[in-house]
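Structures are listed in the sections that come next.
One chain, subunit A, appears in both complexes that follow, with subunit B as partner in the first and subunit C in the second.
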Partner chain A sequence: MRRVILAVVGTVAGLVALLSFKSHLPTVPSAAVSTTGGTSGTSGTSGTPAPSSSPATVPGEYPMGSLAGQLPTGETAVTGHVATTVYGPVQIQLIMRSSKIVKVAVLRQPMNTIRDIQIGEFAFPKLIGETLTAQTAKIDAVSGASYTSAGYIQSLQSALDNGA
Partner chain B sequence: MTSVARRPAPARHAETEAYPGQRQPTTPPRSGGSHGPRARTRAVPPQKESGRASARVVLAVIALGAVAVIALWWHSTPDVRGLGGWLTGAGEVLGLLAGYGVVVLVALMARLPPLERGIGTDQLARWHAMGGRYVVCVVWAHALLIVWGYAVEAHTSVTGETAALLTQYPDVLMATVGGFLLLGVGLISMRAARRRVRYETWYYLHLYTYLAIALAFSHQFADGVAFVNNLAARFWWSAMYLTVAVLIVWYRFVAPLRSFARHGFHVIGVRQEGPGIVSVYIGGSRLDELDAEPGQFFRWRFLTRSLWWSSHPYSLSAAPGKDLLRITVKDLGDHSQALARLQPGTRVIAEGPYGAFTATGSGRGVVLLAGGVGINPLRAMFATLPGPVTLIYRASSTRDVVFADELDAIAAARGATVHYVIGSRAELGGDPLSPRVLRSLAPGLDEQDVYVCGPDGMTSAAIEALRAAGVPKRRIHRESFEF
Partner chain C sequence: MTGGQAGRLRHAEHVMGTVVSFDVPSCAADALGRAVRWLHWVDGTFSPYRVDSDVSRFGAGELSLAQCAPELTEVLEACAAVSALSGGYFTTTPGGRFDPSGYVKGWAIERAAAMITAAGSAEHSVNGGGDVQCVGDRGSGQLWRIGIADPLRPGTLALVVAGRDFAVATSGIAERGPHIVNPHTGQPAADLASVTVVGSGLTLTDAYATAAFAMGSGARDWVESLDGYEAFAITSRGADWQTSGFRAYLA
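And then the complex of A and B:
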């Protein structure tokens, strides 16, 4: 019995010590912005007016991949830099109409594990919603997805610098 | 004086079967001091120190491995934030430790000669049992913490996250099956320790751990953050699993067959030593190459229609010869009854020798302390150890004393001493193996090497008394039949 208590207490204490060391590391995750990939494009020549361009964001769903080729007139696509996070690259594309962000597409996101995707499914709709509201890169990170958020914000900032 | 020195009447005695591990003690014949028709006595050579692992070194290596595993987690984890981060982080650490722990547990049981000779099968089995319980708990703590942590981070419910993990995450379902297998084996072992499960049932169910480990392997690389982006980690982790797998195949399967081919073990004869006691003589060539020592045992697999499928551990009941080994088996069940019917010429696969319970050759005097069935390996040592030897033989009744004739003859032949301490505690009026009694039975006890063999409870009590009598820990050697 003493051994059992010792094993449980020892394991828990070890885990707490280990994890608390990790949680004292720098609190603001930094995402490095690479110099490649930042382009701004204009809409295609298609004259057909698209239905009001931004569909309501369904939780867990967000545009993935470039929308540059399928834009209605008056909208431009501005692609942000690739932000490198510890979990993988994040890159977004802004769809602008009259200097207003109307849609955000995710071009690259961490997808090494199902969990990365799951976190993305949770975090990106929130980040996109915040972006559309704020119209700047000054948005809050999503809890539980701090690295993805940081990468998103970096890429967003570079897109705004590029094209807005 | 609480000891009763007398010649007990030889009598058949009952014995409880000891398993997990069920290593059956062997009983020497009750006829005089003879070691059997051809077995011979010889001086024990000093124990070779090379090729023996020390317990401290092995434990240090295991601990270092655990530190390396934690370092791998540290390396792969940017930081820990929030409740979800803490839960997930703890789950990841425990998962890595579990993946490492199962390898250690299996390696301990891989019958590696340096471990078997240096630490002893009984000690390894104790570590394995203790570590096994721990690792099963770690596996399940890992699973629950990951589910909970992922659920918190993804803002979903625990049940929803469980379903997502099982259905969407690669190989998690397989690993979960493995986890349940491990849990089942753990529970069966606990029941087996309480003697409510047959040894064979326990043994064959235990083989499911290999399946469990195989099932759980792939989810580590598919889902483990520490491995996904780290080729080197995947390589070394696989190398660790592969190495242990190769060692198991080699030492549990290939080595016994090679030894069988080289030595050609076969039954020479069977001798009824007394009621329910049978000696089996096993011949072979170049047996001296085995380096077997008194106190050690082999796992025997007799290749007859009814016996080939199981191997049983029996101690050598006489010093090993160049071309002859002897085991003596008490009538404990079907297996030992079948041994009595073995035909000369029956082929035998002998795996071993195993056991660290051998003479150290320190040159000091030796005290042998036997409890009940523990007399058996000590008997071979009593006959062969060089230098002054004192044997203290503890039994609860005269019925339980075996081969007093032979012990007395050996004692007379070499000028050694035998003390019989017989009777229950109540009859003896106190602790029959108190430090004071031990010192009076074996003068100069604290200057000698002491070998203790018997049931677990007796050996633990005896070791405590020996320590109290001033015997340094390193000079106390212990062997338990229960593994």
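And then the complex of A and C:
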């Protein structure tokens, strides 16, 4: 479990990057944006071997809203605290099976501006896809340019800590 | 923000403008608390973003060095040594005003890890917002595995390094944009998208990563000349290079 937590903290840095490095968003290829539809394509372009999880739980699905009431046996929902960010409140729910994250749902996200919507359509799906990918890399921590203390980390981290 | 598997304690602390993640044995809970308090003390004393910190007041001329925490003297002497060793690419005035943060974070994290070692732990890690100090291994002889974030593809890993008793520090543009200035030109360093330095202690490993990033393409030969340090870099054009001994760390 600790590996997963660390990996996720690191991949959340990727989302913070998308938020802080604005020139990325206008150049996002439309194909990447279209993966918000819920296919398993988000992690396929990362250069990292694709997760070998069962097809019953497809990585890359990122539904809006709680999944707690509709889970198959063996899966549990872990809900993070609402994190207050400069962009607005963020809340994330993780779906766990045998201590592995198999899905991530977004319960609350900022929807105030076009930029918020871009974050929701691109950055969240990318974060979630990469969270699931990094989980398979079996790493203890991530080294990268310093990430800022953002609420996006808080929500995901608290969901993980609640499930640990 | 504390959890973990049996026998281990995980803690993520928001401090120094980032998140510091601890992975320690449960028996080191008291030391973890002391390490967290230490980091907050460092934040309050050394932050250039707090007008009442020693660093801010020293920089503004309100306090003499003797009136500041004695640790500031230690930090300034160490910064001067790194600056000399790096040909001036490491500086305590990166944005024109006094800011020793390029040294302080790694130093604070390494010392936090040492506090946990002193309490009896032989296997723990402290990750200061992407700069990691690993002590011992991760248990049962398994090496720590540290992913290196790919600065050009946010959220993905460029590669994974593995080791024990080592430090991994990365400087780059990915999280905060082009913010490291080449002190010789006054312009943001632009050759590299990121450079990762691996060494034994995070204090110098992190400071060298900052210097190497400012140095840009010249960093390869410079790190090659340093005993006990290796580097891996991704250039702003997406190419990559590594020093000759770096392969020993590849997982």
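Convention: the second predicted complex is superposed on the first by the 86 of 164 C-alpha atoms of A that agree within 3 Å, B and C clash if a C-alpha of one lies under 4 Å from a C-alpha of the other, contacts with A are read in each partner's own complex, and residues count from 1 in each chain.
Throughout what follows, a contact is a pair of C-beta atoms (placed from the backbone, for glycine too) under 8 Å apart; a residue touches a chain by one contact, two chains touch by 3 or more.
Treat the numbers as computed from the prediction; the structure is a model and nothing was measured.
**Student:** Name the contact category of A:Gly74: first (subunit B only), second (subunit C only), both, or neither.
**Tutor:** A:Gly74: touches no partner chain.
**Student:** Counting only touches as set out at the top, which of subunit B and subunit C does A:Ser143 meet: first, second, both, neither?
**Tutor:** both
**Student:** Under the stated touch criterion, name the partner, subunit B or subunit C, that contacts more residues in subunit A.
**Tutor:** C
**Student:** In the superposed arrangement, what residues of subunit A touch both subunit B and subunit C?
**Tutor:** In subunit A, positions 7, 11, 15, 18, 20, 143-147 sit in both the subunit B and subunit C interfaces.
**Student:** Give every residue of subunit B touching subunit A within the complex, in rising order.
**Tutor:** It comes out as residues 70, 73-74, 77-82, 84-86, 89-90, 93-94, 130, 134, 138, 150, 152-155, 164, 168-170, 222-223, 225, 228-229.
**Student:** Subunit B touches which residues of subunit A in the complex?
**Tutor:** It is residues 3, 7, 11, 15, 18-20, 22-23, 25-27, 29, 86, 112-115, 118-119, 122, 143-147 of subunit A that touch subunit B.
**Student:** Please output the residues of subunit A touching subunit C within their complex, sorted ascending.
**Tutor:** Residues 1-2, 5-7, 9-11, 13-18, 20-21, 24, 46-48, 126-127, 129-130, 133-134, 137-149, 153-154, 157-158, 160-164 of subunit A touch subunit C in their complex.
**Student:** Note which residues of subunit C are touching subunit A in the complex, please.
**Tutor:** 1-5, 8, 10, 12, 14, 17-19, 21, 23, 105, 125, 127-132, 134, 138, 144-151, 153-157, 160-161, 168-177, 194, 196
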